[in-house]
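Read the structure below first, then the notes.
Read from first to last, the chains carry the letters A, B, C and D; within each, the first residue is number 1.
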Amino acid sequence: MHDSHEHIEDNGLKARVLKGTGVNIAKCYQCGKCSAGCPVNTEMDFPPSVVLRLLQTEDPLLEEKLLRSYSIWMCVTCEMCYGRCPMEIDIPKIMDYLRERSLKENKVNPKAKNIVKFHKAFLDSVNYTGRLSELGLIADYKMRTFNLFQDVALAPKMIARGKLHFIPEFIKGTDKLKSIFSKTINKK
Amino acid sequence: MADFEPKIVAFVCNWCTYAGADLTGTSRIKYAPNVKIIRFPCTGRIDFMLLMKSFAHGADGIIVSGCHPNDCHYTSGNFHARRRWMAFNELASFMGIDVNRVRFSWVSAAEGAKWAQIVNTFTEEVRALGPYNSYIDLAKIENKDAIV
Amino acid sequence: MKIGLYPGCSLKGGSREYKESVVAMAKAFDIQLEEIPDWNCCGATAAHNLNHELSLSLPARILSLAEQAGMETVVVPCAACYSRLTIVQHELNEDENLKKKVVDILEMPYKGTVKVMNIIQFLQHYILEKLPAKIVKPFDYKVACYYGCLLVRPHGILKFDRPEDPQTMDEAMKVIGADAIDWAFKVECCGAGMSVARTDVVGRLSGGLIKDAVDRGAEAIIVACPMCHSNLDMRRPDINKAMGVNFDIPVIYISQAIGMAIGIDAETLGLHRHFVPVDLPEKELKTQMEEK
Amino acid sequence: MARIGVFVCHCGSNISATVDCEKVAAVAGQFPGVAYSISYKYMCSDPGQTLIKEAIKEHKLDGLVVAACSPRMHEPTFRRAAAEAGLNPYLCEMANLREHCSWVHDKTEATTNKAIDIVRTLVEKVKRNTPLFPIRVPVTKTALVIGGGVAGIQAALDIANAGNKVIMIERDPSIGGHMSQLSETFPTLDCSQCILTPRMVEVAQNPNITLYTYAELESLDGFIGNFKARIRKKDKGIDEKTCTGCGLCCTKCPVKKIPSEFEQNLGFRTAIYVPFPQAVPNKPVIDRKNCTYYIKGKCRVCEKLCPTGAIRFDREDEIIEVEVGAVVVATGFEILDTDFFPEYGYGKYKDVITGMQFERLASASGPTQGEIKRPSDGQVPKKIVFIKCAGSRDPAKGIEYCSKICCMYTAKHAMLYKHKVHDGEAYVFYMDIRTAGKNYEEFSRRAIVEDGARYIRGRVSKVYEKNGKLIVSGVDTLLNAMPVEIEADMVVLATAGIAGKGAEELAQKLHISYDQNKFFSEAHPKLKPVETNTAGIFLAGACHAPKDIPESVAMASGTAGKVACLFSNDELTREPIIAEVNRFGPPLFSTCVGCYMCIPVCPYQAIEKEQIKDRSGNVIKEVAFVNPGLCQGCGTCVALCRSKSIELHGYSNNQVLAEVVALLND
């Protein structure tokens, strides 16, 4: 699974991706098939193959650009790139890694703030109740993003169809969950 | 110990290392006279027995050298040699033979300089290790010249 | 027969009709689905987007709970949850250290032995062969089976169906008398997690695939993923806006379609919960007889 | 007591500058068994050699050690001298005092001593040398050529024209191979048929060549110069002597809708058929799988109609045995089918075709008489997309290597298309353009610059069909990986070239090795490109790796040259430095215990099991036997043999041990 590659000791992003995900970016020969199949290619400032290219350069400036890019947040993890890559490079895994780094080094692209906020809202809801409460999520998300009017039309229809619960259900192991969160994403 | 001149035997294949050693000569690269070469068609031909006998007859060090992987004149002889060498290594160290006194290497017909360098470094290493009498005792040869 | 069930959050809320129909369908075949006690959210896209360890731990807890409940098989109707659970199980089995790490985080035992099944595998194992006998009203419609991303990718790990132009769902639909059309967007992405944050993207992607299905004469789109469903169904207004058209093709869960074929009433199947009404034209009996 | 002569050479001052040659000679003279010892300025010179020859006679020497330069330099010289003086040349050894001593050490006591040690070592060895005699094996001057493609044809003609017999076998009903299916050929765009068919006819007419089509190799035994091949001649259902090839049977055969292999399933053939008009031989065969008579037991229309009564339903396959001295393997390659590619529709789209199918469409003799028409509806495609590296350079789903020929033939296809459909658009998706070769780069540039083919750098992710169009979604990696979507009428996949069907089984029949992609392996990647590691078996063409026509033909001629060399003498003489499993009289027969560890390690498959039988033919013992025809003398088996039952002549255990002992005990 992991391509071992002892020669790389430097702590450039390419090397860190290898350490962190076991994916060897040097394998990519830039055929572009990933970008060709990517459903959100046009939304991205750097399509997948370009993301890999940027990593291949091992140029700190370009790596910086990448961590601050919108692409890594636009990726919907549909796995199409991975599924068709002739070199079987796990690009979604790389994207996950880059997002995590971008967040840790708080270099999240301004345009991607909403996406991140949504994910955070989602996880907070899970952290809080153990499960996702859609109403809670939507509300929380709106508070974070302040676009209060998006989807207002949706909520009532959902309620009418019994799809929104006002009282979120709590699982018994919420404390367990909290400890999981504190040991991972909320680690100080 | 300063005046100790190690005796080193080199078992080499005709096509790569022997030719490489020839090149060392034609390019006039100097090396220690301690190493003496015995020519074989292929490292595949070189078996344990020769190494043991060499020690038994007072060799302080042994070099086994042939073609680089995939360059073997006989396509795969050197691979068998390498496999055999790995097995020997295990066995030898188990038997208490000092495996530091055996050097396995690839030297191609173009690597005259490399040959000289291998000989010199190995000679110094063996010189540092001192004479290898322990094996002779170990082997307890009644009549050294049994097969002469 | 008792089999473990991991509904996941959507099937509790926004996509409750999926769960309702799955349970009803299973019941019709005397299969009792038992929810994993005190299950939690799998973390979905959000978790693996933000934190790898969290994205491993949440599903690991679910699997651990299932193990403790003595469940050998767990059905995961939600394709997204199915993908997360399967991938995590795979990653942990591949890497002992990672497993240890996660177990420390969980403070729970974890073996990684539970057999995780998606809804189609569940059908194949327990239902399809018994199905023909139970059909009362063949589902005699042209349908576009939409697999989406997470059911078939990454193929190396899921090892389910073929990654391009999969067939298993089509086969299942043929059993209940449907005409599963050959179309081009079976495994294309609907926009998935962007549903809220980038609704416009969903409009474009989902719109594109609905258009292809409609163009090829599909009367219904069959799905096996709540995310796909909410994007294609709940987001229909956005889609129609984005495409400047007015698609009214219904989006039906595979379990609902089968439910309809074996005569479970619309109420139980939760068809009324859809945003795009499911009113399929009555086919005249003749064709039904042929199907029988 | 041995009578060894030691001859120490000064090599001008090359040796004597650092080595005291007189001393060496003097000391050597004292060695037990040395009868004569002398030093001289130039041993390799005429007087030097005369000196040696006379000494041999005068002192009745039974062994020589010439202490001079490297044996790799002058061993042949001195062995010849020895032979001229009536001494077996293999009783002469050289001590390398120059390259391994004088040139690499300073003038010291130690250097001279080393020289002495080296000489002593060789003296001890030569004492144990035995007379050896070059191995002579007769050569059957007939070559078996397997495969009648352009490589096989070229090899056969060259070998035959050198005055040797050739037996060519071809699996299909006609020779010609893939080349006969091609339309035009790069980089000159001359018609493939026009240049190939004359050579095909030559093969049929050359008195030195015996052609068996519809035939396959059953088995091969023996060794270089002396192979025995068994050939299965599949029953053709006709009598070739009486058949005039009028073709009436083919026109009248009721089974008409069989997809034609030659037309790549774009056309049809009958059950009794000639694969294509210019076929050689131009006589039909009955395809048993599709013939109504063989399926249902009745029909026989062809039989009734045949004016010469050549149809034969009563025959079976025939096995013939031939003796050949060399084998040329020219079995060619295959290409991946369109159904190999999931993302391109698993072959379900009729208008997604392979490069080979495009060749048929473009060929004047093809199913469309050279008009480019879509298989689905016969329309002329106005937009055509060529996808390169379809399966090549794709470790995940296809093959890891580059198929090499696709860049050129795709450029050619784009050109041909533009020449035939002037208002058409040709798109080529590529990753790299690899056109190394004489006039190749110029050719591919022409496709772009003059014929206006639109090259887009990027791999196509998906092809799907929508209202009669093929939607090709690709990307332009030179424009920040911008998506490119083309509504094409036809898509041509430059599908990977892969090893031929049954390559593996054939390799096992021939005992030749093949690589991880099932292409046959050459004996040495640089220096023995056409030999296999089984002596007497050679390679030609694309069975070795994907190759274009010029390369295949060049390789074939190279191979033919090798075969001609082999056939240029009536006997093969080979160095007697080979291994031998010992043999004794009864009751022992041999110390070989029959563990056969030696068999798998031999790189030349030279070792086989031999049964030792008594007079009444009962097997007494089974032991290993080294085939002197195949053994190359590497000695790997010797080192491996547990019972020390194998000796390598010239390097026997006895000899080398003596060397070791002598070297270490001064």
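We take it that a residue touches a chain if its C-beta (ideal position, glycine included) is under 8 Å from a C-beta of that chain, and two chains touch if they have at least 3 such contacts.
Here the structure is a predicted model, which is why all the values come from computation and not from measurement.
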Chain located farthest away, centre of chain A as origin (C-alpha): B
Centre-to-centre distance between chain B and chain A (centres being mean Cα positions), rounded to whole Å: 59
Chain centre separation (chain A, chain C; CA means) in Å: 22
Centre distance in Å when chain B and chain C are each reduced to the mean of their C-alpha atoms: 68
Distance between the centres, which are taken as Cα means, of chain D and chain B, whole angstrom: 36
Contacts with 2+ other chains: residues of chain D: 343, 462
Multi-partner residues of chain A (at least 2 other chains): 80, 88
Where chain C touches two or more other chains at once, by residue number: 163
Chain contact graph, described as a line, ring, star, complete graph or other shape: other
Chains grouped in pairs wherever the two touch, ordered by label: A-C, A-D, B-D, C-D
Complex contact set, residues of chain D against chain C: 342-343, 345-346, 348, 462, 464-467, 471
Partner chain D, residues of chain B touching it in the complex: 5, 7, 9, 14, 18-19, 21-22, 24-26, 28-31, 33, 36-42, 44-47, 49-50, 53-54, 57-59, 70, 73-77, 80-81, 84, 116, 144-145, 147-148
Interfacial residue positions of chain C with respect to chain A in the complex: 9-10, 12-16, 38-41, 43-55, 57-58, 61, 94-95, 105-107, 149-150, 152-156, 163, 187-189, 191-194, 196-199, 201, 205, 234, 237, 272-275
Complex contacts: residues of chain D adjacent to chain B: 70-73, 96, 98-101, 103-106, 108, 110-111, 114, 117-118, 121, 124, 523-525, 533, 577, 601, 603-604, 632-636, 638-640, 648, 651, 653-654, 656-665
Partner chain C, residues of chain A touching it in the complex: 1, 20, 39-40, 43, 73-74, 76-80, 82-83, 88, 90, 92, 96-97, 99-100, 103, 114-120, 122-123, 126, 130-134, 138, 141, 150-151, 153-154, 157-158, 161-165, 169, 171-173, 176-177, 179-181, 183-185
